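The data blocks that follow each hold one structure.
Heads up, the next two complexes both have chain A, just with different partners, chain B and then chain C.
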Partner chain A sequence: MQPGLIRIIAKQEIKTILRERVSWILYLILVGISVVAVYTGWSYVKQFNKQQVAAKNEVTKHWMNQPERHPHRVAHYGYLVFREKSPLSFFDYGLDSYVGNSVFLEAHRQNTVNMSEAGFSNGMLRFGELSMAMVLQMLVPLFIIFIGFHTVAGLKQSGVLKILLCQRASYFDILIGKTVGLTLVAWLLFLPLILLSLLFGIGASVGELTSDIFLRSLLVLLTYAAYLFVISVFVTGISAISKSAGNALISLVLFWILFCVVIPKSAQTLGNRLFTAPDKIAFESAIEDAISKEGDSHNPDDPHFAQLKASTLRKYGVDSISQLPVNYGALVMQEGENISSGIFSTHFDQLINTYKSQNRVSSLLSLIDPYLGIRNISMNLSGTDFETFTEFQKQTEKYRFDKTKKINEIHLTQIRFKNDRDQKVSSKNWQEQADFRFQPVSVQTNLLNSLLSLGALLFWIVAGVGALKYISSKQEYQL
Partner chain B sequence: MLEAKKLTKIYGDYVALNDLDLSVKAGEIFALLGQNGAGKTTTINLFLGFLKPSSGEAYINGISVADYPQEIKNHLAYIPETVLLYPNLTGRENLEYFSALAGFDYNKQQLGELLASAGLQHQAFDQRLAGYSKGMRQKVGIAIAIAKQAKVLLLDEPTSGLDPKASNDFSEIISTLSKNGTAILMATHDIFRAKEVATHIGIMKQGNLQAVVKSSDISANELESLYLRTV
Partner chain C sequence: MKNIRKMLYLEAKNFLTGPTVWMGVAAILLFGLYGFYYGTQLINHQEMTINSIADVQKKHLDEVVEHGHGKPAGSTAYYPFFYTSNPASPWARFAIGQRDVNPFTLKVKMLAIEGQLYDSELTNPLTLLVGNLDAAFVFVFLFPLLIIAFTYNIISDEQESGVWKMVSVSNSSIAKSILLKISIRLFAVLVTALSIFTIGIITLHLPLSYPTFQLGVGLLLYLLFWFGISILVVSLNKSSSFNATALIGIWIFLCILYPGIANIGINSKVPVPEAVQTAIDQREGYHAKWDLPKAPTMEKFYAFYPQYKKYPIPEDRYSSGWYYAMQFAGDLESANSSEILFAKLQERQSLSQVTGILNPVIGIQQLFNKVANTDLAGHVRYLNSVKHHHRNVREYFYPFIFEETLTEDLNWHSYPAYKQAGYFQENVSSNVTSFMIWTLLLVGCSVILFKRNFIHIQA
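Then we have the complex of A and B:
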């Protein structure tokens, strides 16, 4: 490999591409689409957060304005919690539109996350949304295909490759030089666009650049740079093994369809086939069935709680529940809460493991499809990934459990067992409770979850350069 | 110089080149005549290292093409039938690029001189190749070969499609290069141009070099008769 010659070839490649009018026309179209994508993404997130703040204030107001009442009525009154969109969600919508951002919390019931965009859309969402990530993952590769399909095949067809090969550069030098040139054009045109979109989106929605946002943005920039390099290597490689520029273009467009449409859809189907997950109704029914087998926590005399009754009487050294210094009914309810929460967690963890297995199929397939890899990494770094969603569900369940437990403690200590239902406690009891605040997944966790996809991207880089080396060693690809 | 020893290329059952023995010394121009499929381009491609011989050896300045495919590039230049180069670059930019890849760093004036020595008109130097005629592009190809200062020049149908004036200009430049000590191997269909410019002429048929004559020993008419009898 001769770096000096590679530099000359790359420089010439850049000059040639940038002098072609079609390159600029395509670029301007993509810039236009990107501006629309970033603006709509930002305005959607802004509008969403605004509506969410209003809804949250309304929910809090209703919660706080409850009159004096029985604690268990408060527990059943319920509370709606929300997940704010991540600062980079305008860049990559990821799963946000499909998984919802709010949960209604109440005693004894573990509700799943709801109110997703998909649930309120007319079905067009199925075709995907226009985001900056989508432009970079799907449309920019198409741009690289259109500016690069003839990069070697065209030279072969015109006989220029033979003249080039008669200079001092080896075929490998030429292929690497072409790849570097193509990559630099893609970087030159699109990395500043990514940077600008991030700066605009973050500046306009969050207003401050925290170290977490900075790190995520930097990693987004780096991984997309790697992805564009992979695409450039691929385009150069296909162009080098094609007899003519036309053949190269057809092959590359077919690969684009395969990578961006066929494999992702197949990955989803394959994942579902290999690891079947229950639907929402089946999941909730299974939990309800399991809980019903554990008795009725609203009935202190339910035989399922006989052991609790015996141990409580023993603990306080009394003969009957009416002699207890605490409200036995509240104890049963808390026990029921412990049981139902445990059952929910078990079922939920099983469900999440099934989903993770399905996602692993997609991550593994990124070894044959770089688009799947970058899609996964981008979602993770933007905080719109599956882990963020499950973390929200887990945190809300923990919050629901703690909140219910506190209310049960009020019930336990401030409400007497006799004439339980006729008593009330001060509203201060629940007004002093801490509000829910979602703690997003750390960037380290996101990176850990992207390891397979990051590895796949690295594999594509190494395998791509290896493939160019192999192609360059074959004389049939020179003529 | 250029040398082939029992050079053979076989594709399956088809013998594209059979036991070619050939030598082109410094200052000589060897024209290979023959019909399509006679083995002329195969011979050129074997010397360029684009094809691996089935048997035999090809040498450029005494260096084995098969053993040192990269090394021989320092010693040769090649001009194909149609020189397309980069249409979006000017003649001067094309020459600068190919020269740089050959390891030469010419300044603007030197590049102009090289283009002029190949017969390109001054006003065309900084025009994009997209607007060039075939003859003009061929001249840029010659300039690339001259710039490389190679001692061996391989030409594949270089005058095909050129008008008589451009073809004549081309012959003059080739002759000049030959006089300066370059060994030239040229595949062509043009019997009269071969007679005019070459020092030696070989006639090929079905992969075999059937006849070799000195250009000075034969008239144009005799060469034509020989060619027609041979092919």
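Then we have the complex of A and C:
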């Protein structure tokens, strides 16, 4: 290794690329697209969150202003929770458009999170959404391909490579120099752009830079830097094994289509084939069956509830439920809630695990497709990933359960068993209950979830340099 | 004449012996077959679920009725779900469209409908994001790439290798040669497309009827449009690298950038806060009634169902008639935001129709989804059929609820059967016309450019 030579070649490469008008035209087009992407992303997220907060406030107001009501009425009145987008979602939409935006929480029932953007969209959404992340993941690699496809192949065609090799330059040094040059150009042009877009988006929407957002932004910057390096290595490598610059361009474009379009789609359909997830009807009837096996609160002869009755009577030392100091109806309802919530959670966890197994296929395939790797990491860091949405579902279910439990407690202690239906309790009871607050997934958890993809990116860096070493040792690639 | 036949033979031989041609055809064929397999699998799975509904419904209803033994119908009527389904059209296997996003079965109770229409199906969101690799995707996304691969270096390749100089000895031979080259490529593209489409018709069991014809014509014109783009770029008389770069650039713009921008544009131009508003309104509209005097609620109900006026509704205690009247009132009060929501969805649909006319890539996707009834409009038709069923079910049970019939004394299974939305024959003439206009424009420009760039005026 001759660091001096590498530096010279890298410098030369940077100069050549930056001297060309085409590079700058392509760059300006990408900057234009990025501006559009960041601005529309930011304004869309802002508008969306505003809409969600308005709806949330309306629901809270209605909740607080409830008149005196019977607790079980309130349990069925329920609560609506609205999902807001994460601070960095303007940068990477991730799954946001495909997951539900509001969920109705009521007693006895676990409702799905409904009203996704995709459900109200025509098919156009399926072409992909323009975001800064999409620009960086798909278009910037294409830019690197266009400025770099002739980097080594061009030297071969013009015969310069032979001259360099005769002057005792090692082929490996040349390849490394070319890679470094290409990477530096990519970093020079795009890292500031990422930084600016993050600063603008965060500054204009969140207003303050929390340590969490700072850390996430920093990691976004670092991982994209690594991704651009991987792409540069790849472009240099393909250029080095191609007979002519034209061949290099065609192969690189084919790889791009393979990496960005074909493999991601195939990976996901493969995952779905390997791990079959139940549809809604099957999922719900499995839960129903499990619940009626465990205990049926509607059936007076059900052994589970007969036992509950016996033990409650024993506990209070009375002979009939009408003599109990507490409302037995509420006790039965809470027991039913305990059973159904427990069973639902088990089934839901199974479902999520199936989905995770499906998604793991595409994480694994990031070992052969760097695009998949950066896509997963970027979603994770932006808080628009699978984990964040699952967490939202779990937290709303927990909130639903706790709220219903509190209402049942009020029912238990403040409503007499006799003439149960005709009684009401003070609205203060509802006003004291805590509002739903989503606790986002921590960066650590996010990183842990993208461990496989991070590993794949690291693998690409090491394997890429290894591949350059291999290419440089082969006589046939020097001609 | 003999000369032309010989040239044609040589040119065809030259084209067909290149490795890229067969690799490209093999790849597209492979993807096509996978697309057919994938579409069939996905829709078959949905059909299986739909077919299981009848049993699920019967079992569910029997259980509810058994539990309700001895209780009045109004109390039992709270529990049962009534299932509906949106079976796929035969063409959905070709273009899955939004069928994976939108629920294809919905179950509704006799309670207020608006809160029940938007329940989502359980799906892995990442699968939805990545999208389907169905036949439509292969034709919309991948086929243009094959066309680009076939055509980008028609002339530039021979110019770069020096062969062109021998061809271009006279203007008539240039024109003839260019025409020959183009026709052979066009022929190859059309034969490949037609073969894959025919395999599709056979494997997907597409009926040989008008909708299949619509798909075929749309596809043919769409491919001609892309061929026109390729020819236009070639007619600029630039290098192979330039042609490839320019064509890929156009592909990315039309297939990725333009739809991405247009989609965000439409969604922010027509936001749908009404979706959430409908849910809120319905919930408030119904629940507030519990705390209000019963007579006004009943009046709202009687305006639509005067025949139930004769049943007394006591003001001081709960009654089933009042309960279902409250639910009905909830729907009445959210009707406004629901109507706005549907109108806005219609507006989104028409806006994307316009964008589809400007960009044939979006246009063909819309055409496929329209013909397959797998677009948003198809889903809205389904939702309306669910609303209709909900009304039929309610109206069937109302007399028993008001009469306070005992659960066991009425037939719970003989409510009016669910009537499917059915296949809706779409008009795709606007898309087809736009393809033709685009293609004619492109070919016209190419002819002019070919004349200017290749045919030299001899002094």
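For this structure, a couple of remarks:
Note that the second predicted complex is superposed on the first by the 455 of 479 C-alpha atoms of A that agree within 3 Å, B and C clash if a C-alpha of one lies under 4 Å from a C-alpha of the other, contacts with A are read in each partner's own complex, and residues count from 1 in each chain.
Keep this in mind: a residue touches a chain if its C-beta (ideal position, glycine included) is under 8 Å from a C-beta of that chain, and two chains touch if they have at least 3 such contacts.
Here the structure is a predicted model, which means the values were calculated and not measured.
Applying the stated contact rule after C-alpha superposition, one finds that A:K15 touches chain B and leaves chain C untouched.
When the two structures are aligned on the shared chain, A:N419 is found in touch with neither chain B nor chain C. Residue contacts after overlaying the shared chain place A:Q444 against neither chain B nor chain C.
More residues of chain A are touched by C (comparison of chain B with chain C). Contacts of A:L164 after superposition: chain B is touched, whereas chain C is not reached.
When the shared chain is aligned, chain C comes close enough to touch A:Y77, but chain B does not. Applying the stated contact rule after C-alpha superposition, one finds that A:A55 touches chain C and leaves chain B untouched. When the two structures are aligned on the shared chain, A:P67 is found in touch with chain C, with no touch to chain B. Contacts of A:I281 after superposition on the shared chain: chain C is touched, whereas chain B is not.
On chain A, the patch touched by chain B and the patch touched by chain C do not overlap at any residue.
Contact residues of chain B toward chain A in the complex are 45, 48, 50-52, 70, 73-74, 76-86, 88-89, 93, 97-98, 100-103, 141, 144, 148.
Taken together, the chain C residues at the contact with chain A in this complex read 31, 34, 38, 41, 45, 49, 52-53, 56, 67, 97-98, 101-103, 105, 115, 118-133, 137, 141, 145, 240-241, 244-245, 248, 252, 255-257, 259-268, 271-273, 275-277, 279-280, 283-284, 287, 290-291, 317-318, 345, 348-349, 352, 355, 361-362, 365-366, 369, 375-376.
The touching residues of chain A, when paired with chain B in their complex, are 5, 8-9, 12, 15-16, 19-20, 158-160, 162-170, 475, 478-479.
Only residues 33, 36, 40-41, 43-44, 47-48, 51-52, 54-55, 58-59, 62, 67, 69, 73, 77-78, 80, 82, 94-95, 97-102, 104, 111-130, 134, 138-139, 142, 146, 245-246, 249-250, 253, 257, 261-262, 264-269, 271-273, 277-283, 285, 298-299, 351, 355, 358-359, 362, 386, 389, 421-422 of chain A touch chain C when the two sit together in their complex.
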